[in-house]
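Each remark here refers to the structure printed beneath this line.
Letters A, B, C, D, E and F name the chains as they come in the text, with residue numbers starting at 1 for each one.
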Amino acid sequence: MADAEKNIYKLMTIMTEAAIENDVLNELVKLGAKGYTSIDARGKGHRGVRNAAWGLSANVRIEVMDTEENVRKMAAAMKERYYRNYAMLIFLHDVEVIPHDDLEGVWE
Amino acid sequence: MLDPIILFFLLGLISGLLRSELRLPRSIYELLSILLLLAIGLKGGVELAKQPFLELLPQMVAVVLMGFVLPLIAYPMLLHLGRFKRVDAASIAAHYGSVSVGTFAVAVSYLAARNIFFEPYMPVFVVLLEMPAILVGIMLAKGISKDTQWGMVAHEVLLGKGIVLLAGGLIIGWVVGPEGIVSIKPLFIDLFKGVLALFLLEMGIITAGQMGSLRSYGLFLIGFGIVAPVIFGLLGALLGFFFGLSEGGITIMAVLAASASYIAVPAAMRLSVPEANPSLSLTASLGITFPFNILFGVPLYHMYAQYLLSMA
Amino acid sequence: MLDPIILFFLLGLISGLLRSELRLPRSIYELLSILLLLAIGLKGGVELAKQPFLELLPQMVAVVLMGFVLPLIAYPMLLHLGRFKRVDAASIAAHYGSVSVGTFAVAVSYLAARNIFFEPYMPVFVVLLEMPAILVGIMLAKGISKDTQWGMVAHEVLLGKGIVLLAGGLIIGWVVGPEGIVSIKPLFIDLFKGVLALFLLEMGIITAGQMGSLRSYGLFLIGFGIVAPVIFGLLGALLGFFFGLSEGGITIMAVLAASASYIAVPAAMRLSVPEANPSLSLTASLGITFPFNILFGVPLYHMYAQYLLSMA
Amino acid sequence: MADAEKNIYKLMTIMTEAAIENDVLNELVKLGAKGYTSIDARGKGHRGVRNAAWGLSANVRIEVMDTEENVRKMAAAMKERYYRNYAMLIFLHDVEVIPHDDLEGVWE
Amino acid sequence: MLDPIILFFLLGLISGLLRSELRLPRSIYELLSILLLLAIGLKGGVELAKQPFLELLPQMVAVVLMGFVLPLIAYPMLLHLGRFKRVDAASIAAHYGSVSVGTFAVAVSYLAARNIFFEPYMPVFVVLLEMPAILVGIMLAKGISKDTQWGMVAHEVLLGKGIVLLAGGLIIGWVVGPEGIVSIKPLFIDLFKGVLALFLLEMGIITAGQMGSLRSYGLFLIGFGIVAPVIFGLLGALLGFFFGLSEGGITIMAVLAASASYIAVPAAMRLSVPEANPSLSLTASLGITFPFNILFGVPLYHMYAQYLLSMA
Amino acid sequence: MADAEKNIYKLMTIMTEAAIENDVLNELVKLGAKGYTSIDARGKGHRGVRNAAWGLSANVRIEVMDTEENVRKMAAAMKERYYRNYAMLIFLHDVEVIPHDDLEGVWE
């Protein structure tokens, strides 16, 4: 459960290959993500340069906000499934969410 | 006679190698692909309308068989001579068993510039050749493993942009016939060669980018990227010859066999055989075989056709 | 005679429903819209040059009136029969009182393929019909409320891409006349049908996407999306008939009345009536009425015209 | 006021409909924002999927960096104005800004 | 006779000033530039094939010299009369010493519409004029400073999109000759004027955006943006006259001298002279000189040419 | 060195002119960045509006994740080189990286 008083949640940011964007998003939703935001990106990492100009080397940046517990579960699943064979970097940090009054506890 | 589209390819290649900032926006590249695929489909479809479809069935079966056999020839070469990992050998084999629409378009333009007839139903073969090599590649890599999501692979390939546009164009052309496409001819037919020129400009730039990785992969890959199309082209030409095709038809059959996919197969392999190094197969098909075919292969395959017919 | 552009729409629709990855890049879709709007405007403008403008004034006033009346007919149907919330009924009504340029382009192409003349000043009516329904929709939703930013709404619509390009094209065509546009004809006129084909390919894909939400909204919306254009089309045809228009002109008047906006009105409503559910009105106009009009409506409205003229 | 010693400010991230991007940015500037950064995005939330391909369903991701006080004021105004009728998610977190020496206190 | 492309520019300008949402997607703007540059290059190259190259050498040297001299004239005006900072005066001077391909394209279209011949090798001069002014600008700003990365500047300019496409088009046209480009003519030549119309539509919108900053920079900049091209145009026309060029050729020479860069030079200056305010030079070249040249300059330079020839 | 136990690293976000993107990225790699992610953006700051539609006014948002020490070194170099003459805003915050098991200590 999140720090409900202060609306503190975890934001997970995933940088990865555009080739698997749909797969990753489906997986996240299956794991219970209530939402996500995804953005086209270019990048470089230990799997080389991905400059977005050509299909297989396009890059994407996905964000998922959820409770710490859920985010950790998703992060572990992502790591398990993709880290070995795909370019992927995941990091987490806390954010304070401005809540929807009529959606009380929607991200719990 | 020098075809301007080849010069556009060279312009792209050279400016890519010199690290020019020139680059077509991604969406423009997509537009050009879409126009080429539809144009090829439409032209083929219009001609197909004149053709009794059933006569083609035996040839279609043979072409699908070729799609299964070619990667099975490439695989042991890559595994034993090239000493690639199993997954990499399988993935590269899949690329070479499939087909490159860009190369096909260049061959079409080559024949048109020389007023050489070819059987108009060739685009059907392009459609047929996309899939089999992918299946073989996956099975070579993983065995007939349960965890392959065959449904997803089939969906990915059959409903990929390439097949939908090519087959869609074929059907539309077939339905509306020659008078039907008159109104859309200015966009799809008249602009074809210019669109192909721009497309090859960008392909040159992309190819230059891929050549950068050549050094890392050594001589065998370069050799394979040239020898494989030369051999496969001959097999394709022979098959066309046994079909009794025209000079142009045999040339195109050689081109289909000799060309290697750089769009549909890489995407499918990335999802189904993620252990394979995508840069390896892409460097071979895009960095070596594509420019080889564009610059030297197509005329060579034309010579194959002339030679075979002169023997008959 | 089957028009290829309809087949392009179906190709997009089917591959969308099968969840193909095929999709035109957004910027290409915008380019196609821009070309269509300018082409329609230019063609109309060139013809307008031959027309004494003042004779048109009464018709223009009547068309604007129609733009005010149509949503007032739709609104009570939606509110009482459909039991929609007030804001939703108002928003949907606004969509149907306005007009779809895509449908207009298909009708133009339909008539051209049959060599049926229509009064060339019809694009003027398209421009005139964009705005009134939006005003009515906002007033139905909110009353003549002080907090409506009418200035912003007017700016949004009058200076939206649609009107600027259509009206701009009209004026340019009108100023330069038939000889003036010869030099730009290859792009704007000759490619028109091909551009429309690509545009409809993407519209098919988009429509397929909207159809996904159909289930959520029940049968009434589907019924309304078909019945409304059938009725409104008749009203439009009658108006055209009373204007003394030609067969083609009556058909186009019916199309204007029967078609529902899916670009300008949704955007304006989202800003001015945010409480309305945008997905409801878009599903109706884009998921039902647009494909209905493209596939069945245009020929139906043509029959309206023939019938009315045969009665006279 | 921000923790001036360590240059700690708040970053507000707003995910919302592209249809209201201009409106939101104007509002933020009226509320005193000295800058913003905005990016095209795709996304999913409790108001459904926004995949950026079609006008009304395009998505945008806006960032505003300012003092905690100002950011909270802006966040409250955004919530008040848009949360009810538009797809919107807002979250905040601290960032350490590398200051412009010649713009001493520019974000105060 | 009113050229429609000018009206497209005005349409863009007006809708930009009225804050319409109309805007071409960035990738479309890039496509249009690419098509224009290639078309200009190809057309020039095809004609060059008929030309003994060596005869041109003296003219080419003179044109390069003009590229060095023009910024040296502009610089003191800006420094002493305009009281700009040294870096800003240098940067603006570089813009005006270089050349605008958009203006060149409008002049080509202006002459074509009037059936006025011009020497077909003019695109070569465009290529030659890009670089010298940039070198002068950097040296005026920084002296012959060691920390200027001349290699990077040269790479940036010589391999920038503009020169690669223009020079590439020239070479391709030159190699394949008149018959060679027949197949790509529908895209590059037939659509030229339409593409230019769309390009100018967007340029109008961009110009309107730049005009917003006019207020901040005062009257001198506006004056300079008009007086400089009027003077430089005369110098260019005189040079063309001494070359013994035709009426069209003299006009084009005036246009080359009078036009100011708004793509290559701003980018190069941003990297090499970062202290200069980029908005200052862009406002002058794009917000004042470009529209002035399009609307009034080209006809004026044509009058220069007629006058000079009538004197001879 | 980073807080290796909890995989805490610094994320540096740079908002700047697209005109210098390549220059900045080359510089970062020279300074030892093992990766970066870069995204097209629009924005406004004290150097005016950058709306991405026209070459010189295009904007970019670059992220680099590394140890605090390295990130501070890079941030200082960026500030030194670009703050004076270019539109640029840099901020830092902590992120918890999900590590690659086979890349032990890769960002140290």
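Basically, a residue touches a chain if its C-beta (ideal position, glycine included) is under 8 Å from a C-beta of that chain, and two chains touch if they have at least 3 such contacts.
Computed from a predicted structure; not experimentally measured.
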Centroid-based (C-alpha) most distant chain relative to chain F: C
Cα-centroid distance, chain B relative to chain D, in whole angstrom: 47
Chain A-chain C separation of Cα centroids, rounded to whole Å: 40
Cα-centroid distance, chain A relative to chain B, in whole angstrom: 36
Multi-partner residues of chain F (at least 2 other chains): 39-40, 93
Where chain C touches two or more other chains at once, by residue number: 25-27, 186
Chain pairs that touch, as defined at the top of this document: A-B, A-D, A-F, B-C, B-E, C-D, C-E, D-F, E-F
Contact footprint of chain D on chain A as seen in their complex: 9, 11, 25, 29, 34-40, 65, 93-98, 100-101, 103, 106
Interface residues, chain E side, partner chain B - complex: 25-27, 30-31, 34, 155-156, 159-161, 164-165, 168, 171-172, 175-176, 180-181, 183-188
Touching residues (chain side chain E, partner chain F) in the complex: 23, 26, 206, 209, 263, 266-267, 270-271, 274-275, 278-279, 282
Chain A - residues contacting chain B, complex: 17, 19-20, 23, 48, 52-56, 84-86
List of chain B residues in touch with chain E within their complex: 1-5, 7-8, 11, 15, 18-22, 24-28, 109, 113, 186, 190-191, 193-195, 197-198
